[in-house]
Amino acid sequence: MPVSLAELAVRFGCELRGDPARQVDHVAPLAAAGPSAISFLSNRRYLRYLGSTGAAAVVLSAADADACPTAALVADNPYVVYARIAALLHPPRGAATGIHQAAVVGREAVIADGVSIGALAYVADGARLDAGVVVGPGCVVDSGAVIGADTQLKARSCVARDVVIGQRCVVHEGAIVGADGFGIARSEDGWVKVPQVGSVRIGDDVEVGANTTIDRGAIDDTVIGDDVRRDNLIQVGHNVVIGAHTAIAAGTAIAGSARIGENCLVAGHVGIVGHIQICDNVTINAKALVTRSIDEPGVYSGKFPAQEARQWGKTVGRIRQLVRGPRNGPGDAG
Amino acid sequence: MPVSLAELAVRFGCELRGDPARQVDHVAPLAAAGPSAISFLSNRRYLRYLGSTGAAAVVLSAADADACPTAALVADNPYVVYARIAALLHPPRGAATGIHQAAVVGREAVIADGVSIGALAYVADGARLDAGVVVGPGCVVDSGAVIGADTQLKARSCVARDVVIGQRCVVHEGAIVGADGFGIARSEDGWVKVPQVGSVRIGDDVEVGANTTIDRGAIDDTVIGDDVRRDNLIQVGHNVVIGAHTAIAAGTAIAGSARIGENCLVAGHVGIVGHIQICDNVTINAKALVTRSIDEPGVYSGKFPAQEARQWGKTVGRIRQLVRGPRNGPGDAG
Amino acid sequence: MPVSLAELAVRFGCELRGDPARQVDHVAPLAAAGPSAISFLSNRRYLRYLGSTGAAAVVLSAADADACPTAALVADNPYVVYARIAALLHPPRGAATGIHQAAVVGREAVIADGVSIGALAYVADGARLDAGVVVGPGCVVDSGAVIGADTQLKARSCVARDVVIGQRCVVHEGAIVGADGFGIARSEDGWVKVPQVGSVRIGDDVEVGANTTIDRGAIDDTVIGDDVRRDNLIQVGHNVVIGAHTAIAAGTAIAGSARIGENCLVAGHVGIVGHIQICDNVTINAKALVTRSIDEPGVYSGKFPAQEARQWGKTVGRIRQLVRGPRNGPGDAG
C-alpha cells in the first residue's frame, strides 16, 4: 500500500521537505533503507547513519533536517510520527474472524460480533468477549472474565476467572493475569494459604508483556490504570495499584499492595517493596530497590554501574575497610 | 453461606467481643467492608482504617481490640485466623470432576478417582494422577510424572517427564517443573550440552508461583521440601535442594546445586550462586546476592535503597574517589 | 545399553586407568554411584566424595587421577567428556515421529519428513518445519515461522510469525520467541505503540531456556548467533544482537538494541541497558548493571555480596555519612 509523502505530511502534521509525490510502502532503519522505504531519526546516537541513508524519506526533528540527504518529514516528535506511519504502512495482519474449529468455547460464554478465537484456545462458560476481541491460539480465558472491545490476547496468554480487561489492550504471549497472589500466613504448623478473593481490573489501552504475571488481589482487586505499558517478565503482586500512563520495563517486580502513581517510568529489574506509595511523575532507574514511599516527583537510582572486576573488588574492599575503621585490623567485616 | 461470629470464635479459638449471633458471609478490607463482611488487622500500617470500618467484625490482636468499633475476634495470630476464615467463607470453586472431552489423556496414563482434567490439557501415557488431582485447562503432564493426591495444576502449567509432586500442592499458571537445567561444557568447538538425567521431587503442601521454573537435576534430582512456598517468576536451577517451610518471593534466582535450609525467608529478586549452602532459619533481604555459604541463622542484606538520583550520583562519585585516593587526580576509575 | 570403559576411552580420547572390560550403563554422582555407574569430577568442591565413590569409573583430570579409588578415565576436559558419555548412555527418548491426532496443523504448513508434532500443538498455515523437527505438546508455531532441521521445541513453547530458527536448537518449555518488543512513543495524549515490524533470527545449536522471552525487532531483526546458550527467564529486547558461543544465565535482561559479542559469559540477573555494545570475550558477573559500552575483554562486576544485615546497615550508613561530609550534621542524605 504505497503512500505519498504529501499524504503522510498532511495526515500526521509534518513539514515536508522534498518531493510530495514520492511514494513509500514500508519502514526501514536508516542504514538499510531502500528507495521505497521511510526511516526515522529520534535517537541522536544514530545520526551517523543519516548522511548515507538510501531511504526515500526520513522522519526527524527540525534540528536534524539540514543533515538529511533525502526528503525529510519534519516533526516535533519524530518518534510518535514514525510510530503512526509504521502503523499505517504495516497494519496488523487481521486474525480471521470467527471461532477456530479446534477452539473450545463454553456454551454459556458470551461472544460478541467480530470476535476471533484461535486454534486450541479455551474460553470457559461465563466468560465474556466484547466486539473485535482476538483470542490467540492456545489462550485460556476462564469463567467470569470480561475482555473489552478490540483487546488482543496473544498466543498462550491466560486470563483467570473474573478478571476484567478494558478496551484496545494487548496481552502478549504467555502473560498470566489473575493468578493467586503470594499470600501465606505463618502458623505453628507451617504456612497457611490465604485465599486470594480479589480479582484484577485493567483499564483501556494497556499492554502486558510476554510471560509477565499480574496477581489477583488478596481481598481488594489489583488495579491497572489506562494506558499502562508493561514489558516482559514483570511481576505485579496482589493489590498493587498502578496509575494511568505509567510504563514499566522488563524484569521489574512490584510487591503486594504497593501503589504507583500516574506517568511514572520504571526501568528494568527494579524492585518495589510492598505497602509503599510512589507519587505521580517518578522515574526509577534500572535495578533500583525502592524501600520507602516516594512523595516527590523526580528521578531515583540505587545501583552501581558495572566496573572492571578488580577495580570493583577494590571498591568493595575499601568500603569494608571504611566501615571497620582504620584501627580494627584485618578482621573480615563481611 | 453465612456463619455466626460465635461459630467462628469456637472453630478458630478466638475470644469474641461482640454479638455472638451476628452473621458474616464474606471477607473485605477494613475500608470497604459492609455489614455482612468480616475484616482483619494484622499490619499496623492499616490501623488508621480500623476506627471507621463498617465490617460486622474484625479479626485482630488483643493490643488492637480496644480500638475496634465493632465486634472483635481476638487472636494471637490474626493473619492465620483470617486466612482460615477466608477459606471457610470463600471455598475454591470446585472444578468439575472428570475428564473434559477436549482433554487428551494417554491410554496408559493412570488416573485415580475424583480427578479433574480441564479442556485442552494433555496427560501423556505413563503419567499418574492420584485422587482428587485437578489438572487445569491447557496443562501438559508428561510421561512418568506422578502428581500426588489433591494437588492442583493451574491453567497452562507444565510438569515434565518423571517429575514427582506430592500431595495438596498448587502449581500456578504457566509454571514449568522439570525443564532441562542449564548444563553446558565448554569444548574447543563450542558448547556441549550436558544431558540432564535427574528429575525433580517436590514434597507435600508446596506452592509454585505463576511462570516460575524449576529445573530437573543434571545427575541427581532437584528436591523441594514440604510446605515450601514460591512466588512467581522464580528460577530454581538443577540439583538445588530447598528445605521444608522455606518461602521465596518473586523474581529470585537460585543457581545450580545450591542448598537452602528449612524455615528460610528469601525476599524478591535475590540471587544465590551455585554450589553454596544456606543453613536453616536464614532471612535474605530483597535483591541481595549471596555469594558464599551462610552458616549462621540471621538476616542478610546487600542492596542500597534507592535515592534521589543526583544524591545517588554523589554517592557513586564519592566512593570512586575514595577508592582512587585523594592524590590520583581526575582519572576515571570505572 | 552397557558400554565398556575401553570403548569410552577410545571414543572420547581419554587415558584409561583400570579394567578395560568393565561395563557401565548410566551416570551417577560420586556419592551415590553404584557398580554399573560412571561418575565425574570437574569441580574440586566435590573432591571429598572421590575417595569413597562406589562408581565403576570416574572421568577426571590427570591431577586428580591418583586419588581415584576405582577406574579412571583421564581427560583434559573431564566435563566435556562426561557430557558426551552421558549423552551416549542416556539418549533422549525419541518423540514418536508423525503428527499427533490432537495436533492442529494448517493445510499450507510445510512439514518435512521425520517431523514430530505433539498433542494439542498448533502449527499455522505458512509455517515450515524442516526434517527431524520436534514440536512438543501445546506449542504454537505461527505463520511464516521456519524451524531448522533437528530443532526441538519443548512443551508449550511459542514461535511467533516469521521467526527463523536454525538447526539443532532447543527451545525449552514456555519460551516465547518473537513477541512484540517494548516500543512505545510518548505523545501528548499518552503512549503510542510503535509497530514491531522486524522479526527474530536464531542461528544453529542455540538453546533458549524455559519461560525465556526474545522479542522481535522494532524495525530490523533481533539476531542470535550460533551456539548461543540461554538459561531460563531471560529477557532479550528488540533488535538485540548476540554473538556466537555466548552463554547467559537465568534472570538476565538485555534492553533493546544492545549488541553483545562472541564468547561472552553473562551471569544471572545481569542488566544490560539499551543501545550499548559489549565486545567479544567479556564476562559479566551476577547482578551487574552494564550502563556503558565495553571495549576491553575482561571480567566486569558491580554488586556487593550480601552481608549480615546489621553489618550491611553500617555500610550503608557510613557511605551516606561520607557523602554528606563530617560537618553536615545529622540530616538524612537519602
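The chains carry the letters A, B and C, assigned in the order they are written, with residues numbered from 1 in each.
In this text, a residue touches a chain if its C-beta (ideal position, glycine included) is under 8 Å from a C-beta of that chain, and two chains touch if they have at least 3 such contacts.
For clarity, every value in this text was computed on a predicted model and none was experimentally measured.
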| item | value |
| --- | --- |
| Chains touching both chain B and chain C, listed by label | A |
| Numbering shared by both copies at the chain B-chain A contact, with half separating same from different | different |
| Distance between the centres, which are taken as Cα means, of chain B and chain A, whole angstrom | 25 |
| Sites on chain C at which at least two other chains make contact | 120, 138, 156, 174, 211, 233, 251, 269, 287, 303-305, 307-308, 319, 322 |
| Chain A residues within the chain C interface of the complex | 26-29, 32, 43, 45, 77, 79-80, 82-84, 86-87, 90, 92-93, 100, 102, 118-120, 136-138, 154-156, 170, 172-174, 205, 207, 209-211, 226-227, 229, 231-233, 244-245, 247, 249-251, 268-269, 286-287, 303-310, 312-313, 316, 319-320, 322-323, 333-334 |
| Of all residues in chain A, those that touch chain B in their complex | 104, 120, 122, 124, 138, 140, 142-143, 156, 158, 160-161, 174, 176, 179-180, 182-187, 190-195, 197, 211, 213, 215, 219-220, 233, 235, 237, 251, 253, 255, 269, 271, 273, 275, 284-285, 287-292, 296, 298-305, 307-308, 311, 314-315, 318-319, 322 |
